[in-house]
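Each structure below is given as structure tokens.
Shared between the two complexes below is chain A, which has chain B as its partner in the first and chain C in the second.
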Partner chain A sequence: MSSEDHIKETDTEARFEFKKEQKSAFQTEKGLTEETIRLISEDKDEPEWMLERRLRALEQYKAMPMPTDWPGQPDLSEVEIDEIVPYIRPDIETRGGAENWDDLPEEIQDTFDKLGIPEAEKKALSGVGAQYESEIVYQNMQEQWEEKGVIFCDMDKAVQEHEEIVKEHFMTKCVPPSDNKFAALHGAIWSGGSFVYVPEDVTVNMPVQAYFRMNSEGMGQFEHTLIIAEEGSEMHYIEGCSAPKYSAFNLHSGGVEVFVGEDAHVQYSTVQNWSKNTYNLNTKRAIVEENGRMEWISGSMGSKATMLYPSTILKGRGASDNHITIAMAGEGQDIDTGAKVYHNAPETKSTIESKSIAKDGGRTNYRGLVHIADGAENSSTAVECDALMFDNESTSDTMPYMEINESKVDVAHEATVGKIGDEDIFYLQSRGLDDDDAKQMIVSGFIEPITEELPIEYAVELNRLVELEMEGSLG
Partner chain B sequence: MATLEINDLHARVAEEDGERILRGVDLTVESGEIHALMGPNGSGKSTTAKVIAGHPAYEVTDGEILLHLDEADVADIDEDIDEADYTWNLLELEPNERAALGIFLGFQYPAEIEGVTMTNFLRQAINAKHEEREELFEDEEAEADADEDEDAGYDSSPMEGPTDEGEIGVAEFQQLLSEKMELLDMDEKFMQRYLNAGFSGGEKKQNEVLQAAMLEPAVAVLDEIDSGLDIDRLQDVAKGINALRDEQGTGVLQITHYQRILDYVEPDHVHIMLDGEVVKSGDAELAEQLEDKGYDWVREEVYEAA
Partner chain C sequence: MSVQVPASISAETVERIAEERDEPEWLLETRLAALEALEDLDLPDVIQTPGNRWTDLESLDFESLVDPLNQADATERSEDTDAVVLPFTEALEEYGDLIEANFGSVLDPQENYLTALSVALFTTGTFVYVPEGVDAEDVTVRAEMNSRSLFSQTLVVTEESSSVTILEGIETGDDVEGERYFSNLVEVAAGENSHVQFGSLQNLDEETYTYALKRGVTDTYATINWIEGNLGSRLTRSDIETDLDGDGSESQIVGAFFGHEDQHFDINARVWHRAENTTADLVTRGVLDDEARSVYEGVQDVGQDAWNTSSYQRENTLMLSDDAEADASPKLIIHNHDTEASHSATVGQVDAEDLFYMESRTIDPITARNMLVEGFFVPVLEEIAVDEFREDLEALVGERLR
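Our next item is the complex of A and B:
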């Protein structure tokens, strides 16, 4: 079966649920010690400053308590870092990622074929990075972008080849390790991820995509993404994630830092479909200069528990932010997600739209913060959160915090929580749709106002995942 | 030519000590006929309609609802049809399976579904209907076995067929839709609106008739399709109902309180319900009598005879 056929014909969990025999060139022991960190850094042949940053982050990690006191937060008691294998380097020749899919070992090539990545690359992407376990195994970008000075490479390679710019931006002013315990953890054992640099006034008109795949049981994935969009530039970055399901827990704790220059525009889209044994605890943040624009689009379908609140600091006058969040929680899932926006300059603008769906006893929570600083006059924010529940066992909460320290602002907030109606289902059934299709239609209608704003390639993938999730539990 | 046959139907609200509403309804509607079902509030008209369509809020305690089909009704099916496939016991089927066999319910209060455009909805409904028909008429023995084995529930899709088989083409769909909408005097803008969301009462009712026209049912049960309509809309809707009968041979069971719509959609038969039963049937003249005299004389007549 060709990869395209595989995608068309396996609209079931099978599309993501396949495991490959684990073949690694190097992996650390379970747990987190200074020795482990030194081993990782040495295996990567890193400059001294990076090792120092890692070790400092490790100290901060140890000093910080596990977050347990957030109201209604997911239960993280199972997350025992000493049970995690933090670093697995797959057995491939090329460091920094092959430029040709054929150069990869068959099992890795087959993994990404099944996920449809090479196919998508041919059709609609400017560049692709693919991470398997702890390392980027494939990295390629169309030549035309290279010629314009765009850099899209593996984060590890960036540390070597673009050392100065990485040293300046890597976990310094955007997401310092001190931000939270998992940011500190990430700072200590990060591996892989993407580095993107878009020069002044360059518009990368097709998205670049990174795909993150965890294959091994009990591992942790800690990729770091650093995006720098210079003045007047534009780009769209898509990340996808998945893993097969194991009985032991997996941990994903990524770090994303985005620098949006003056008049620049960055769109960051995530489709997260981690297996239901994965804890997904990320820190993502953007700093936006004057009249720049940041958009976060997040679809959270997978994972056992997610805590993710992409945040934007609107630093320059007239900077703007748009958050679109779709979360779906089924049996045993606790998806705690939202958005944070800091309006630190006048005439800044943010809109946050969140849609969540809880079914079969799942839980979704919108947790968000909008902060408008004193002096950020003529700023505006609009927050809208809607939740849909399938049954009485499922739960959904909304916690939209607002800190408004400036009086000349425009603040709007709306929230709805509803249960899927039996009469609505019967109406659709009486027109010929079966129970599942009727519910699916109601759900896609519920998220429609959001999906119609999405880039097409993202909307297609998202809709397919929503369908898949619905089939998985309602069938 | 299809026949909907309701025999001695008893139903109650599906909850503990649920109220008994239907107490022995007998009614037969054939393709191409227009029936009016009238009666005072609370006599069981709407419940009859919902039970025919399979509403889960009601439990049938006795009686049967049969749908008899003939060769013309299954002309679209490629399979060999068993003799047994010409008669269906609707009470054993899910609402969507009943719809696939040709039962349509026009709702008194249609649901509003946000975010789903009319076009999207209608295409999916038509495709779902075709797909379900294939399944219902295919491999009957295996399905019958499954039915007997577990009386707890009927698996609506025992096998997932390829979904694109037999789907209606975009051009074909658009043309069909344009024709039907023109007939009902509906603006094409409706097609990009969300299903019933923010529709006026009259628009919703037009939309119910439009859906019936698109789905081409064997029997359409229209529950108070005339309520809340101004005179212009009433005429549009009436034209649509007549077209269902004249162009598609649909049998219509129309539930109404008023003679008004019957001036435009002349019924072949009129039935009167009282206290959960059909107590009197007649021709169009019966409805006119009701308009003049109300229901009291029917009640007197029925209870005197009893």
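Our next item is the complex of A and C:
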């Protein structure tokens, strides 16, 4: 069965909603203390400098207030760090991820089978990493890439095996823990995630994927992803996330740092389908050198509340950025997402396209910042936000911020909000479609400019998720 | 963050202002309540992004700017109109009940620190009242500021099916040493099916800090159109707001600003759609030269019961200098899906091809640029229905370009 068929033939809800027995080899107590952090670091057998960085981040975390004063921001009052279990090491033999799915315990293997990961790996990926709770359990990459010097490994393993390069880049110049409260939290208790290194002039022509699964109730997942693309290299990283729904809240606070070298090109795609009790508070950032190109493609379907604004710092002349964002919020969801771009060099270019859908009392917000520094002449930016609303219980906000310190620029922002056109629905119904199918088709058409940028498997996946969200919910 | 209350202001100061003007008890009480609230009130909200506060109101030194008992202005108000147009204080005698009923109904005196300060201390302003069915002649108010600080309070009340156009010009008269503060609060209560156009042209000297908050509330089928031209002052904080409270009501907010040297403009246009079938159109254009800086926030807020809303917003900034800075945040807050809403914002410079074309027609570069800047304001000027106001604005733009 192909992965596409697999996705089509499996009931999507069943694919994400199943729960496994909560088994672990080691887990910390609830809450966040210096002792917890020492325990995590010890369990991972980390070098001293990493422990120090964790402890410093903990201090910064404690010193920073919870963000509460952003206009219209999601309610985070439920997020009590002392109520979550920050670290759960699943019961597996191999640290740093098995290379063979068969080496994994049956329930973990079954989890990823249901999510369709091994299938996708065979067909369309250069490599796969799979994280279960706090640790990567599977990690593999095709041999041809290894021969070319590409590194794709578990972040914890990278701390041990590629210590110098990690020490230089890990939460130093891209996302320092002082950036925001959740970056500091992440810096203190991060675990798992991927390290990707692409040497000069190597083009990894099939995407590399990481999949993050939370299984336990009341846990926090804090994986860290560090991507370094050297001069002239090219790669596409895809991340998928899901968790079954529990009554207590879960917290996901990932950190992503991307270094795009001169003339390099990195695409980072996310399809986020966290369960609707998950708070998804991430910090993702890329630094782009001369003529480099960064692309962020994000689909946010899941979570109770999301605050995510992937950001790009265009550091070198001629660097460029492209953001594509789809957000969909249903009952009880607050998806506050957008983009940040800093134009710090001449002739830099950015485009941001955002599409959002709010229904059944959900809220979507595009929150974005474009900053053009003095001296970044001949730079241009274009931001386009379109929002679709289904009812007057829902909310659709658009809050862009533009800071322009340079005159030789071309800055444009546009946004529209509207409802589904009655005429469009009427037309489709006159062609024999029922109301639900008509609306679903209009929504698929609305987001198509974005899905067509994704590899086929993910476009299908995203469409399935949208369909699932739409099923039976339309009046 | 609340601000220190200047030492020069006390209950006695306020009582003295009210007494000198022989004001009714209710107004004195409103003033004293505003004064008392000062210590708990914050300055108006200012946009904050990571590491960047868009306007610095905190550093305004009210201690030295505010001189409550020495306020002076020279204000001319047109007389040949069938609307009632009176200095605020004089109007209290004859229209006391009407003023009491409407004062603060649109704009809460205790909205923020600056409004409370203004209500506690105002000594000038205008009352405009248009009775039912009256289609009034244009009203002009020309004010000169002649003191270190001046607080002005204007109230406009239009009854059913009346209409009026009010044009307000504000300039600096006598020279006063040092920095100044001008505060201008305007409330408009537009009755059913009435039509109000309120234009304001601010060209104060560049040692003045200006705070202007103008807010209108529309009844059913009413229209409030605002036109706001800002050229003067060192720092201008201007908020123009309409509450579309009545079904089928409309508002247009048209703004133009032109900054040079180290001027700072914090321009805000906000509209709340609170009823069915309402329409709003926000259009702002600004030009920045030298080290001038502009900050713009536009808000279109559509409430849950605002069925069949149409709401549009455009903001365009033209940068003439490399040292200028333009910040903008056009916001959409939509709670009803039966809405057609859009906004757009651009920042750019004079189009190089246009310049080249004009130069190829033997127009020298400076004249060509000036013509293009004048042309840039045309979409805003076109929205201004009153010739006199449009010509004044054109003249001020022309003056600045020379």
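The criterion applied here is as follows: the second predicted complex is superposed on the first by the 462 of 475 C-alpha atoms of A that agree within 3 Å, B and C clash if a C-alpha of one lies under 4 Å from a C-alpha of the other, contacts with A are read in each partner's own complex, and residues count from 1 in each chain.
Note that in this section contacts are C-beta pairs under 8 Å (C-beta built on N, C-alpha and C of every residue); 3 or more make two chains touch, one makes a residue touch a chain.
Keep in mind it's a predicted model, so treat the numbers as computed, not measured.
In the superposition on chain A, contact of A:51 is made with neither chain B nor chain C. In the superposition on chain A, A:72 makes contact with chain C only, while chain B stays out of contact range. Judged by the number of chain A residues each one touches, C leads among chain B and chain C. Using the contact criterion defined above for the overlaid structures, shared-chain residue A:412 touches chain C, although it does not reach chain B. Once the two complexes are laid over each other on the shared chain, residue contacts for A:444 go to chain B alone; chain C is not touched.
When the shared chain is aligned, chain B comes close enough to touch A:421, but chain C does not. In the superposition on chain A, A:395 makes contact with chain C only, while chain B stays out of contact range. In the superposed pair of complexes, A:429 makes contact with chain B only, with no contact to chain C.
In the superposition on chain A, A:403 makes contact with chain C only, not with chain B.
By the document's definition of touching, of the two partners only chain C reaches A:374; chain B does not.
On chain A, the surface touched by chain B in one complex and the surface touched by chain C in the other have no residue in common. Interface residues of chain C facing chain A in the complex, by the touch rule stated above, are 47, 49-50, 52, 304-305, 307, 317, 319-349. Within the complex, the chain A residues that touch chain B are 421-424, 426-435, 437-438, 441-442, 444-449.
By the touch rule above, chain B contacts chain A in their complex via residues 53-57, 94-96, 98-100, 104-105, 107, 110-111, 113-116, 121, 124-126, 128-129, 132, 156-157, 194-195, 211, 215. Chain A makes touch with chain C in their complex at residues 71-72, 369, 371, 374, 377, 387, 389-419.
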